[in-house]
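The following pair of complexes shares a single chain, subunit A, combined with subunit B in the former and subunit C in the latter.
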Partner chain A sequence: MPDASFDAAADAPSPAAKGAARRAPALRLRWSSVFNHGVLIFGVFLMMGPVVIAFTSSTFDPIAIHRDGLKLGWGGEFLSTYDTVLFEKSGFTKEVNGLLMLFNSMVMGLGFAIGKVVVSILAAYAIVYFRFRGATVCFWVIFSTLLLPLEVRILPSYEVVQSLGLLNTYTGLIVPLIASATGTFFFRQFFKSVPEELLEAARIDGANWWRFLVDILVPLSRTMIAAIFIIMFVVGWNQYLWPTLMTTEEGYFTIVRGIKQIMQVWIGANIPAYNEALALAVLAMLPPVLIVVIFQRMFIKGLVETEK
Partner chain B sequence: MKKVQFSGIAPPLLLIAPQMAIVVIFFLWPAAEAVRTSFFIQDPFFGRAVFVGFDNYVNAVTRSDYLRSAAFTGVFVTAICAISLGFGLLFAVCADEVLRGEGPYKTLLMWVYAIAPPVAGLIGVMLFDQHIGPLVDFFAFFGWELQTGVDYWDTAFAMTVVAAWKQIPYNFIFFLSGLQGIPRSLREAAAIDCRSPARRFWTVVFPLLAPTSFFLLVINITYAFFETFGVIDVMLKGEPGNNPVSLVYKVYLDGFRGQDLGGSSAQSVILMVGVMLLTVVQFRFIERRVHYA
Partner chain C sequence: MTPADGSRGGVPTLEITGAVKRYANGHLAVKGVDLHADEGEFVVFVGPSGCGKSTLLRMIAGLESVTEGEVRLKGRVVNDVEPADRDIAMVFQNYALYPHMSVYDNLAYGLRNRKIPKPEIDRRVREAAEMLQIGEYLARKPGALSGGQRQRVAMGRCIVRDPAIFLFDEPLSNLDAKLRTQMRLEIRRLQRRLGVAAVYVTHDQVEAMTLADRIVVLNGGRVEQIGAPVEVYNAPASTFVASFIGAPAMNLFPAEAEGGAIRVDGGSAPAPARARGAVTAGLRPEKARLVPAGGGLPFTVETVEELGATRLVHGHVGAASFVVSLEAGVSPPGETCAVTADPADVHLFDRGSGARL
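What follows is the complex of A and B.
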C-alpha cells in the first residue's frame, strides 16, 4: 500500500514540481522499505532466535551449558547427544527411547488425521446429500462438540475411557480426540458449494450414492482433503494434555508427552541434561515443522479456509 | 441443503454412525457426567457420592485460590491477545508492503505455528532459567532480577511471553491473508485521496481488517484459555506451588491431583458456559462476516 508507485500516482498531476516529486517518493520508498525490512528482520529474529539457540545448545555437553548458559555455535556433541536421545532406552522402566516416542507420535498424528478426515467426510456427506429422519438432531449433536474443547471435560472423559478399558492404547489416544466436529463442519461447507448439476448428471448415468461419493465427490475435494490432513496431522502430533492423562505406560508415550517426563527428571538433577532435553524438543518439533514448511501453500489455504 | 438428494434410510445412518458414536461416547457422555458430578461430593476412598446441590459451585467461586487463579487468567489472556495480535498485525503489514522477499519472510515467520505448546514451554524454561537463561541476563542488564519459578509475577511474565510468542505466527498468517484480500483498486483510490500511509492504514485498511481481527480475537481467547495448558504445565515443571495457574490448569490440578471431583467438575461446567457464550458470539459474527466478505 504506501509503496512508492501510489505516492507517485498521487503526485502525477503536478508537473510543475516534477523534480521534487520524483525525488521525494524515491526517498520515502527507501525509508519505508528500510523500516519494513527492519521490522521483519526483527520478527525473524524474534521467532527464530529461541529455536536456533535451542538447537545449537543441544550440540554442547551439559557441563558447558551449565557453566556458560545457552550457547550459540557448534558444540561438536551433536552425534552423541542425538544418538543417546534416539536410541538409548531411558525412563523408569527402561522401555522407551526417542525413536519409539517418534513412532508413537507418528501413529498418533497419522491416525488422528486419517480418522478425522474419513469420519468427517462420511458424516458431512450424510448431512448434505440425504434427507432422513433425525438429520437435524444429528447435525446439532455433532456441532455441539464445537462448543466444548476437551480441556473443560478432561476428568469425565478420562473416566469414560478408563471404564472402556482403553487406557494405554492407541485407540484411547486417538478416537476421543476425533469427537470434535471441526472437520465435519468444513466438509459440510465444501459439499454445499458443489454444483447440484453434478449429482443430477451422475444419477442420470446411474451412479448410486456410494459411486457418487467415491468417484466424484472425493476426487473433487482432493486439495481440501490434503489441506485438512496436514492441519490435523500437526494438531494430532502436538497433542499434550490427553496423552499425558491417557498413557502411563512409557511404551505408549508420544514425544510431546515425553517432554513432561524430561522435566520431572530435571527437578532432582544436579546438572540436568540440558542438551538431551533440547535435543528431544528439536526432534519433537521437526516433523510438524517440516510438513508445514514443505506444504506451506496448502497449509495456509486450509487454515484460512477452514477457520472461516 | 441440496435440492437433489438421495433417498433411503440405511445409507445416511450408516454414514453418520461413526461420527455419532464417537460424539455420544466421548463427548455427550463425559459432558453430562461433568454436569452430574458437579452436584455431588465424591468420597475418593469409598466411592460414595453425596448430593450437595450448588455447593460445589459456591465453594469453587468463593475460594481464594480460585479467585486468584481467575484474576491471573484474566491478565494472562488479555496480555497474550494484546501481544500476539499486535506483533502478528505489525509483521503482516510490513510483509504485505515489502516488494521483494515476501515469500521467505512469510515462511520464516509462520513455521513456529507447528511447534507444540509444551515444546515451546521447554525452550521457555531454558531461556528463563536462573543458571543458563540468556533472557535472565538480558533483563538483569536493565536491573530486573527475574526469578522464574520462585516469584509469582516473574513466572507469570515468562509464561505469558512464551504463550504469546507461540501464537504470533497464527495471527500473522490470518492478518496477511486478510490484507492480501483487500482489492488493489481500493488502496489505489485511498492513496490518491490521502498521502499519509499511517492515516490510510487506520482509516481504510484497518476497518477492512475488522472482521479478521474480531475472528482472531475469539480464537486467541480460546487459545489463551485452553491450549496454553502445555506451556503452563511444562514451565511449572508439574510443581505449581505458589506459582500462577490458569483456570483450565486448576480444573486439572483439583481433579487429578486433589481428587476433588465435584469441585473440579463445577469449575469445568463454569468454563463450559463461558466457552459456549464465546462460541455463540463467534457464530453470530460469522454470519456478519459472510455478509461483508
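What follows is the complex of A and C.
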C-alpha cells in the first residue's frame, strides 16, 4: 500500500503548487525534473507491468499461454474467459463461482474494515476520555499486541473459533481479526489532539458520552476514519492465511483464496486454465484498486490533515 | 446597576462560600473563597496568571469538582450537579466552537440536547443571531469566520440557552487590540440588555475596570479585595491590589509615617494621619505632583517618556523607582526636584503584610 499512497500524493498537488508551476518559465528543461520523472516512470513500469501482462494474457486461451508463456496483446478470449470465471460454478462441489467469491471477499473486506474502525474508535475513546485507573496500562497492552500478529497466534485463534463452532461462517472469518492496535493507536493520537474545551463545551451543552462521540468526535475524525477504512479494507480483502484455515466449504471461499484452489482443481491431465487463474487475479485486484482510486483524496487528507 | 451589598433582596444568582480546590496532584489552586453575584450583576475575576481565576470559574461551571465549600446558583447548591443542569453558559478562551457544524448548529446543539421543540430552537437561534449580527453567517462553518465573528458565535451559543449566569474565561485574549476594545463594549452592552448575571475572568486590569460592576482581585488562590472598580482603584486593600489595578501602576515605596506626613530621605510630604512608623507608601503617578527641590520627597529625573496626552517622568524616591505622570507640555521643574501630593491621595500599607492601613 505505500506505493499506492505515493502515487496518489504525486498527482494531487496543492493548489498553490499548481499555480507556481503555471507561472514558471515553461521552456527551461530542468534535468532534476527529468530525472525525477524517469524514476517515477520506472516505478510505474515495475508496478504496472505485471498487472498489464496478467490482464492481456488472460484474454488468450490456455493452450497459447502454455505454449508461448505470458503474452502481451489482445487474445480475443476476453469475454468467454471472464464469463466462465465469473458465472460458471466450479470447484469440487460446483458450488462456487467468481461472483460468489467476490461477494465473500467483499463481506470479508467490509466487515474487517468496519469492524476495525468501530472497535478502534471505541477503544481509543475509552482510553482517552474515560480516565479510569489503568487506562495507560490498557493502552500499552493493546499496543503490545502489535508484536503478536495473526501468524503468531494462529493456532490458539483457530482453536477458539473452532470450539465456538464458527468455522465456515462470516463471523468466524471476520470477528477474530477486528481488534486493531494500529487503529486504536491512530485514533488515540487523534483524540488526544482534540481540544479539551470541545468536550467541556459539549458537556455544558448537555451531550452525554454517547452524543459527544457520535455528534462531535466521529464527525471530526471522518477523514481519519476514511483513511483507516481504506487501508483496512485492502488488508482485509487480501487476507489469505486466515480464510484458508477458516473455510473448508467452497461457498465461503474468498477470491484471493479461490485463485489457488481453482488452479489446483484444474491441474490434472489437462493444461491448467492459466487464463482463468489470471482473470481471477485481475478481478481480485480490481475492487481494492477502485476503492483507493475513488477515495484517494480523502485518504491523503486523512493522513496529512487534521481538522479541528 | 445593582448595589454591591446586594440590597435588591432575594437570593443572589451566584453564591460561593469557603470554596477550596485541590487538584489531583495535590496543588491547592483555590484556598477558601467567598463571594456572590447578584441578579444582573457583572463580576470580574482579575489577577495574574496562575492565581486560580479559571479554576474558580470552572468550579462554578461544574467542569472542576469543588474540594471544599459550596457553590450555589439561585440558592440551590450545585456542587454535584452536572454542568448541563446548572443553568449556566460559558464562553471559552479559544471559543470551543464545534468545527464541523454550521453556526446555526453550533447555536442549536445545546437546545436540541435539551429536547426543546424545533420551532422554538429556530426562533431562539435567529433572535440571538440577529442580536449579534451574525445572521448572514448561519450556514457557515466556524473555520470560515474571522476571530471577532467566532467570538460572537460563542456568545450566541450562550445567549440561546437563556441561562441564569454567563461565564467568560478570557474571551477576548485571542483578538487584536482594536477588536478587543470593541468586543468589550459589546459584551457589556449585551449583558446589560439581557440583564443576566455574568462572571468574567481576565488578567487585564483595564478589562476588569471597564466591564465590572464588581471586581474580585485574586492572588495565589485567595481573594485580595472585592469591590466596585472605583473602590478598588481609590482604596486598594493591599499593596498587591495597588500595584495590579491602574496603569501605569501605583508607586510603592518605603517611608516613615509620622501622623499626617510621610518622610523619605529627609524630605516629607503630607499623608493621612492614620499610621506611624515604618510603612509602605503608595502614590499613583497621575496623583503625584512635581515641585521644586525641598517641597516634598526628593526626586531625581532620569528619563521622560512622551505619550502624547501625558508624559511619564521616571526617577527614584529613596531606593524605589518612581513614575510621575504629567500633562502634555508640562516639564519637571528641574533635574532634581521633589514629589508631593494631596494627603488623601497617599495610601499607606503595612510594611510587613502589605495590608492597607
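Descriptive notes on the structure:
Basically, the second predicted complex is superposed on the first by the 246 of 308 C-alpha atoms of A that agree within 3 Å, B and C clash if a C-alpha of one lies under 4 Å from a C-alpha of the other, contacts with A are read in each partner's own complex, and residues count from 1 in each chain.
As a convention for this text, a residue touches a chain if its C-beta (ideal position, glycine included) is under 8 Å from a C-beta of that chain, and two chains touch if they have at least 3 such contacts.
Note that the structure is predicted; figures quoted are calculated from it, not measured.
Touch criterion met: A:P219 reaches subunit C, while subunit B stays clear of it.
In the superposed model, A:E249 lies in contact with neither subunit B nor subunit C. Using the contact criterion defined above for the overlaid structures, shared-chain residue A:R211 touches subunit C, although it does not reach subunit B. Between subunit B and subunit C, the partner in contact with more residues of subunit A is B.
Using the contact criterion defined above for the overlaid structures, shared-chain residue A:A201 touches subunit C, although it does not reach subunit B. In the superposition on chain A, A:E88 makes contact with neither subunit B nor subunit C.
Annotation: subunit A residues 200, 203, 307-308 touch subunit B in one complex and subunit C in the other.
Within the complex, the subunit B residues that touch subunit A are 1-9, 11-13, 15-16, 18-20, 22-31, 33-34, 37, 87, 90-91, 94-99, 101, 105-119, 121-127, 131-134, 137, 165, 168-169, 173-174, 177, 187-188, 190-192, 195, 197, 200-201, 205, 215, 219, 222, 225-227, 229-230, 233-234, 237-239, 248, 251-252, 255-256, 261, 264-265, 268, 271-272, 275-276, 279, 286, 289. Residues 195, 197-198, 200-207, 211, 215-216, 219-220, 222, 307-308 of subunit A are the ones touching subunit C in the complex. Those residues of subunit C whose C-beta lies close enough to touch subunit A in the complex are 61-63, 82-85, 88-90, 92-94, 96-101, 109-110, 113-114, 143, 157.
By the touch criterion stated above, subunit A contacts subunit B in their complex at residues 1-3, 6-7, 9-10, 32-33, 35-37, 39-40, 43-44, 46-48, 50-51, 53-54, 57, 65-66, 68-70, 118-120, 122-123, 125-133, 135, 138, 141-142, 144-149, 151-161, 164, 175-176, 178-181, 184, 192, 196, 199-200, 203, 209-210, 212, 234, 237-241, 244-245, 256, 259-260, 262-264, 266-267, 274, 277-278, 280-281, 284-285, 288-289, 291-293, 296, 300, 303-304, 307-308.
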